[in-house]
Every structure is written in C-alpha cells, then in structure tokens.
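Got some structures for you, see below.
There are two complexes below, and they share chain A, which is joined by chain B in the first and by chain C in the second.
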Partner chain A sequence: MFPQSTLLDPPFWMLLGALQVLVFAGAGQWAKHVQLAMNWWKWSLVGGWWFSLLLTIAGAFTLLGENEGNAGWYFLGFVGTGLIVGGAILLKVLFVLNKPAANQS
Partner chain B sequence: MDTRRNKSNNNKRQKIRQLPEKLAVIGSIILLIIAWVLGGARLSNLETEQLSHLLPENAQIVTTDQSTLKITTNAGQDTQWLSQGSGVGYGGKMDIALMIDDQGVIKQLAILSSRETASYLQKIIAAKFPEQMVGQSINNILQVDAISGATLSSSAILRGANLAAEPVRQELMNLSLVGSRSPWSYFGWMDLVALLAFAAAWQISKTRHPQRKKMEWGLMLTSLVLFGFYASALFSSSTLGILISGTWISGLGNYTPLILLVLTVVTLLSTNKNLYCDMICPFGTTQQCLAKITNPPTVTLKHSIFTWLPRVIFLAVLAAGLYFRNPATIAYEPFGIMFGMTGSIQLFILTFVIILTSLMIYRPWCKTLCPVGAMTDFLKFIKAWGKQGLKDYQRKTKTTSARPANNIPHRSLS
Partner chain C sequence: MSNQVNGEGAAVTSRRNFLKLGGLAAAGTTIGAAAGAGFVLGRDPDANVGWGRTEAGKDMFFNRKPFEVDHAPTLEVVGPIERPEWEDYLFNRFPVIGKAIQDGWDPNNGWETLEDEQVKKYYARHPDRWPEMLQAFVEQNHRAQHREKHRDRFALAWANGRSWLKGLEQSNFPPKPVDHPDIDDFKWVQGEPAELQSPAHASKLIKKMVFTFGASIVGITKLDPAFVFKNMMRMKGGNRNWGEDIPKHWKNIIVFGVPMNWDPMYAAAGYSTSYDGYFRAKTASGLLAAWLGELGYAARPQWPGGDYETVLPPIAIQAGMGESARNGVLITPELGPNIRLAAVITNLDLEPDKPINTHVRAFCEECKICADACPSGSISKASKPDSVVRGFRKFAFNQDSCYRFWSTAPTDSGKGCRVCIAVCPYTRKNNWIHTIVKEMDPRDPTGITRKTLLAMQHNFFYYPEAEAYHPDWTGGNFAGYHEPPEWLRSENYLKVTKTWEYDGNWEGF
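And then the complex of A and B:
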C-alpha cells in the first residue's frame, strides 16, 4: 500500500481489520433495529457478499496499479455493479424472509 | 356566435403557443438536410484524396473501368492495378481499395469509407487485420481470420477486398472466384422474431385478459434475452441515422434494429401507442427489473431543460452522423456496453451510473436522455400538426365552397 515506507503498511492493515469489526458490529445492530432475525446462513450470505465486494475493489485497484487501466476499470464496473445489484437483491430477500416472522409476533 | 369566436381565439392561442416547437421542427429538418449535403461533398473529397495517396508518383492511367484503374510506372515497364470493392458491415457499406501488382500480389489496402462504430474499427486496426491481406496473392480467394468481437466488420473488409480483386483476377488469370450475394442473405431469423414480438405486443396491448401483466413480463423478458443479451439489436440514434440517410439500401449487417425502429414508428403514427418502450426495449426491461428489487419512486422532471436537452443531443448526433456519413459516429446510448460490452470509457461510466440509479429512480434513462423519447415527441408533434393542418384546410374549403351560395346576388336567383 505504501511502497516508500516500511512503517505505514502494518498499522494501515490493522486499522482496516479493526474497521471490519466495526462494520459487522454496526450491521448486527442495524439488523436488530429493523428486526431482520439474522441467523448463521443469513450472516454467511452477507459476509460472502461483503468479502466479494472487498475482493473486487482490491482486485480492480491491483490491476490499476499494474498499469492495466482498462482491465481495472472494466473489472470494477462489471463485477462491482453486479455485486451492488446482488446486494440490493440480498437485502430484499432478507426483508421478505423476515415478513412472516414479523406477522407471527 | 360567441362559442365559435371563442373556439377560433383558442385555436389562434394554441397556434402561437406551438410556434417555438414548429420552428424547432422546421429548423431541425433544414439542419439535417444541410448536414447531409455537406457530408456528401466531404465524403467525395475524402475518397478522391485517399485514392490519390494510393497512386504511385509518375503513374499513368492506361485503362479505366467502373471501379478499376490499370496504371503504368517507369515509362510503361511496371503495371499495377488500383481497384475498389465494397462489403457490408454492421453499420452498412464499407469501401475498400487495393493496389495490386502485375503478379497479382496485393501491395496496399485502404479503407475508403466506413459506417462502423469506432470501437469495432479500432479492434480491427489494433489487430492489424488489413495488413494481413497485404502480400497475399489474388490467384486464390483472400482469407484472413475474422477479429473476435468485430466479426461483421472484418467480413465486410474481406469481402470488399475480394470484390476489388475480382476484376484484376479475371484480367490477369482469367479466374472468377467471388459469387454474387442475394439481398435476402442479409436477413436472419432475428428479423422474423422482431416482427413476431411486435405482433405479440400489439395483441397484448389490446387484450383485457386477467393475466395481461404476466404476458407483458413474458414478452419483456424474452426481448431482453433475444434482442438484448443474444443479438444486442436495440435501435438507437444511429439506427435512425441509417434510416434517414438511406444507407440501409446498399445492405446492412444486421437489419433487426432497423425493423424494430420502423415498426415502432408505424405503430406510433397509426395508433399513438409506443409498443417498443412499453414491452420490447431490452434496456427498459433491465431498468424495470432493477426497479422491482427496490420499488423506487417515479420522478417526473418538470423543468423544460429535461424536455429539450435530449432533443438537442439527439439532433446533434443525427446531424453529425449525416455529415460524417457514419450514423454511429457519436453513439451516446449505453446499449453497446450493457449488451455487447463494446463502447468508450465514457459510455461505460454512463451505463453503470444508469444501472445504479435504476435502483433509486424508476427508469432513469427513459426519463432523461433516451433518444426514443425525443423521436416519439417529434413524430407525435408532426402527426398532430399534420392533422390540425388538414382540419384547417377542410374547414377552409368548406367555407369557400359554401360562400358562393351565400354570396349569390338576389337578382340572379330570380
């Protein structure tokens, strides 16, 4: 990440790791707030989606860093957009699955 | 009496209100005619200039045919041939010129004119497709593998080169290798599907069947797969350019978008229904599918800039297409990226902005920049204007035919 420095890389990645904890803790709180009734497989889907998104961003910027500009932008555009649309579908599914449970209570 | 006067005043007021739009219609037609005339002169100059570049210095033209020149250099010792042929690519006719020596070997190849989308031509040039024909002998049919992703354009260049080589081949080797092509060979099964899709859309629009919504979705999804992802055959501003410039007469690689456009115009003028946007447009269906996920609100853009901006862009694109004799010069629709993964980086960004916006606003492309909206407005306005003109004319003729009876002097009656 920081080619000119040997010191900045470890704290940067530690900070990003800590941010992941915050993201998932925040997502858990939000899911409780909107009564999504999350379970292990729902969390697996959400985690898989988030991991794919991060991997896409990382992959695209790696390609850009390797001077493969077109490949980087096209990868980010096609896969990233697909993932955002996929995320919207996943969210819709989570809300739809939650409906009967909400009605029962 | 008062009602008649009020009616006539209302008519006058309406006419004054429509004046800017009428002037815009007339101005647009004049602009398109000027662009077409200037473009013709430009193309003719360009072709002559390119041919003169191919001619060697001190060349003497010995014989001339309709498309072939026999040239001698070195005081008549070396003989060469400059020959022209044309093939049909995705956007229409492509003119090719060949320089062939007296042994029947191709020395140079030039593309004199093309109506292909720039990205297809770039692929061909980057792959050095024309250069692969230089050095080949014309005693066999010229053969080069087509470039993936630009197959129709590659085939057009190859056929144009083979047709250019044919008269020289006959003269030098007494050989005839290229057969003629039937005009029907340009039509495919997708053209028939386009006709069927319109027939189905027409039937669905008339039916009161309880499952009508499902039928609509069935047709929309079929069109999305066939006209979108399978054939990438949506019509765009360049298709309208092809239609009005008449380039489709000399052949097209793909007639499906043109058929869809003609059917849209015919149904719009005859029934006032836009069946294409409602049930066939694959990009409209894409936006509608995305809207199904999030149920976004329908936003109505009331400011006149949102009405006039797409019209101005559409007119500019059509005029540029006619001037450059290439309707695909400035394609600004996201269809190529969405369904064919072909287009500039600007279109690439625009496409993904629209896809993501479709999750937040209902059909954002249709409501902002889509040229079909501008075309529909234009046609509807022309139709209403024509109808009004016809009514006025009929009213006038009625009054003038009724007037002599009223004005007959009493004397003559007796």
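And then the complex of A and C:
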C-alpha cells in the first residue's frame, strides 16, 4: 500500500518536501499581499506552527491507522483545536507587530 | 516600450498569483498527505517489532547505555531472599490437584486434606487463593459447556492458536531433558570448547546469534541462585524431588524474547494466543543450545510454557532487558510487556549486561490501567508496591485468580488472558508517535512527559470495562482491547452468519 511501496515511498517524501518550498513561497506572497513585514523569527514561528499542525494531523491519523479510533479523534480535536486557536493568536500578533513597521516606512 | 513594461508587469502579477494559489494548494495537499501518511504509518506492518528486522538486531532499537544502573530499581531487596519452591509454580500445582480430583478426592474438603505435601505447603502460605483455584475448575466445566456455541465467531482465532500449540507441543526441538544435567546439558557438545577472544567477544557474538535465531530482545547475566527453583529439575519421569543443588556448570544465562503477534494480542482475550510467541521462543532456545554445543559448551535451554528450572522475568531484569511492571511481568522499552521469554544456561564465560532504570516503576505507580482492566481483579491497585515476594518488594498479584479467568476466557485452550498486556500503554508498536514518547519519557527528569502521556491515555483511549472481557456466560460481551484483525473474523472467510457485535477499539471511521 502506498506510501509503503518500495518504489514509491522515497519519491513521496521527496515530493512532500519539495511542496514545502511552494507552501512557503506562496506564504511569502500572501504576506506581501497583506503587507506583513516578516523577518527570520516571525518565519520561524510560522514554520513551527505549520510543522506542529502537520505532526498533529499525522499523529492523529497514525492512531486511527493502528485502530485507536477514540484516541485519534480526541487527539485531533483537542490538540488540533489548540493549534488553530494558537495560529489565530499568532496571526493577530503578526498584524499587531506589523503596525509600527508600516508607519516607519 | 510601454507594452513591454505592461507585459513584464502582467508576468510578475501572474507569477505572484501562481505562487499564492499554488502555495494554498500545496498547503492543502500537505495536510492531506500528512493525514494519509500518518494513517498508513499507523497501519504499517514494519511497526510490528519482531516481524522483519529481527535478524539485523534492529528490533532492539532502544539505546540502554544511558540508563544502566548497578541495581535494578524494580528488584528492590527488602527482606531475606528465598529461592522459589517447586509449588510456587502454578503449572506444577494445577495438575496435582486435577489428578487428585480425578482419583476421587473431594476438593470441598479443603486443601488441608490433599495428600501432596508441597501443594499443601503453598496453600498454607496463601489460604485466600484456594477458593480461586477451586473456582478455576468450576469455570473450566462452564467453559466446556458453553464454548461450542461460539465456534462460528472464534473459529479462525482458535485455529490460529491451536496451530501454534500443535507446533509447540508436537515438535521435539529442543528435546526435553531426560538425564542428570551433568550429562544432558553436554549432549550436544562437540569436542573441546572453542576458545573465544574474551567474554566481551563471546557476549557480542552470542547476541548476534540470538537475533539470527529469531529473538527480538536479548540480555546476558550471571545466573543468580535467587531465581533458580528449589526441588525442581527436568529429568525423565518429571521435575520433582531434586533438592537444592545448582549444577556447577550453570554459570551464565542468556535470556531473550519475542513478541506475540500484535493484532491478535490486542484483541485479547478471546482472539489472542501466546503460543506463537512460545513456539518462536522455544525454537530459538533450541537453536542457541545447539550452537553452544557445536562450540563445545554446555547448554540448558529454558522455554515456555513450562520447561524451566528458573524464573525468567527477574533474570531478564538483571540482564538489562527491561523492568518489572505492576502486573508482575517484564516491561521492555521496545515491546512493553508483549514479550515471551526463553533462555539458555551455559558454562561459557560471558560479559554480563547491566540492569536499566527507565523509570517504569514511577509510570506503573501512576498508571493502573492494567489493574482497572483486569477481568479477575488479580492486580493490585495500590499506589506503591504493597507486597514482598521472596524478599523483593513488588505489587501484589494473585496468580490463582488470574488462572481462574484463564479458565473462563473464550480462548483457544482456556490457558490465557493477556488483557493486562494488551491495555498497557507500553504495549505499542514501533511507529513514530509511540517511539518518540518511549524515548522522551525515560529522559525527562520532571515527569511532565509521563503525566501528559497518562492524561491522554486515561482520557483519550477507549478501555472496555473489566467485566466486558468476560464471555457471555459469565456476564461479559467478549470485548477486546481492540476489535479482532480482519483475518481472524470468521464472517470474512467462512460460511457463517454473523450474529455478534464487536466491542473494542477500531480505526474510528
């Protein structure tokens, strides 16, 4: 079963890694579009949030895959909700921090 | 010129739009891929420790070196150490009582009227356990009366278990010892002993061979007399009346184990079996004994279900394989308690392993999931170890009431339960989400990882009630910790009408 396939498994992970370039290139364009001044530590926070979200989804579905149905959905519900709330707060912080920088320019 | 500028502007806008939309699409794809990959990794048979990476020694993936200690924390000595007696072993007592009943003895007259002095001695020490053993015989009769009504449901599970049992019982490898150990343990010795470069070289090579012979986890220790039975030695005619001697050539012991097949084990009690683990462990013990003999060394294999002169779990703890759990069995970092042990005693000089401390005791003190799930209430629910067994502090465990449920359970042979093994949070496959926790918890001095994990275990995971594991004739609904795997569901392969519902964890869709 893919991606357990001996042939397809390595290309799958390579493609998933390559997709992340597109994800962050697109995020950069969106940041410009909404006039967010990003720097290295802001990108680190965004990257950390994105990585945590992916791990949470993958973790929940790993539990589902090994027949721990309850645990999978609860994990996704509790940790996922926390991450969505955390992401909204992070976005708000980015916009709040953006104001002085916008005034200076 | 103007057109050229407009054209470049349009291209830039187009590229930006592509990146914006492409980025969104890539993000959505990544989320889907994370879910899909996660699900497949959860299903991944490569996560089944003991099934595929064994020979390379990669089942034993946990680095024990940072956790080595001089004294195992779960083998705490608090009194005079006593060696185990012949009658301490349930499968020595049980046939004696069974034969007495067959010969006309009335068990209602009480254990005091038994003729066998050794069995009487055991129940004189544990009189509270006698009613449990009596009830086990009653339950066996109930089980025999009701079991066939459920054959349609359990046909494939019972066929699986009994196939392994046939292999275990019918094969004569390794052969049961028949002579005095001074003769029998040398029966495969070929000439003078080969000289190894050092005990360290010998231990390294032995471990490689144990993996090659099919075991997943291995450890080596000097044979501690504290865990050698008194009055017990397998020879022609039985294993009794030996005395207290320990053969001089019994110097070191190589102990090793294999997991039971994961998915049936998770579906304990009715769909599970121990015999696959027993068969593999027994075979590995025979192969290692033969290998030692070829090199000129004595070998005394110990194998399940009952071919022992030693108590293997504490020996495995001394050999650094793991630690003692609340339910009294061995917990290893890789397999949890899903391990079946065998061993070989030898006169070969070996470098022993050291015991480890991965803070299992602290985990067991807080967890209690096995005690809450136990269908016979045999496992202590105390917050601290509440019993002293032959000088060692342990959690109390009632082996007779445990056996009573074995005799009740809808398994292939009425000889097992395994619910405490299935529900243990350490009994988790080697996939990334569990292995991260297994690596983090022993390294976390604050205990935050343990407490977080246990909060999730207690609140997120589904555990059927203890009574639900019982068969319907004793008030249960044949629950398992997991629902049975697809290949043990008879309705998927046999011409049967499904009249039952499953109770247990499932994939959640």
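Keep in mind that, in the parts below, the second predicted complex is superposed on the first by the 102 of 105 C-alpha atoms of A that agree within 3 Å, B and C clash if a C-alpha of one lies under 4 Å from a C-alpha of the other, contacts with A are read in each partner's own complex, and residues count from 1 in each chain.
Here, a residue touches a chain if its C-beta (ideal position, glycine included) is under 8 Å from a C-beta of that chain, and two chains touch if they have at least 3 such contacts.
Model, not experiment: these values are computed from the prediction.
Once the two complexes are overlaid on the shared chain, A:30 sits against chain C while remaining clear of chain B. Once the two complexes are laid over each other on the shared chain, residue contacts for A:74 go to chain B and to chain C alike.
When the shared chain is aligned, chain B comes close enough to touch A:92, but chain C does not. In the superposition on chain A, A:84 contacts chain B only, with no contact to chain C.
Of the two partner chains placed by superposition, A:51 touches none, neither chain B nor chain C.
In the superposed model, more residues of chain A are touched by C than by the other of chain B and chain C. Across the two superposed structures, the residue set of chain A contacted by chain B and also by chain C is 70, 73-74, 78. Contacts from chain A toward chain B in the complex involve residues 70, 73-74, 77-78, 80-81, 84-85, 88-89, 92. For chain A in complex with chain C, the touching residues are 1-4, 12, 16, 19-20, 22-30, 32-33, 53-55, 57-75, 78.
Residues 290, 293-294, 341, 345, 348-349, 351-352, 355-356, 359 of chain B touch chain A in their complex. Against chain A, in their complex, chain C makes its touches with residues 16, 19-27, 29-31, 33-44, 46-47, 266, 429, 431-433, 456, 459-462, 482-483, 505-509.
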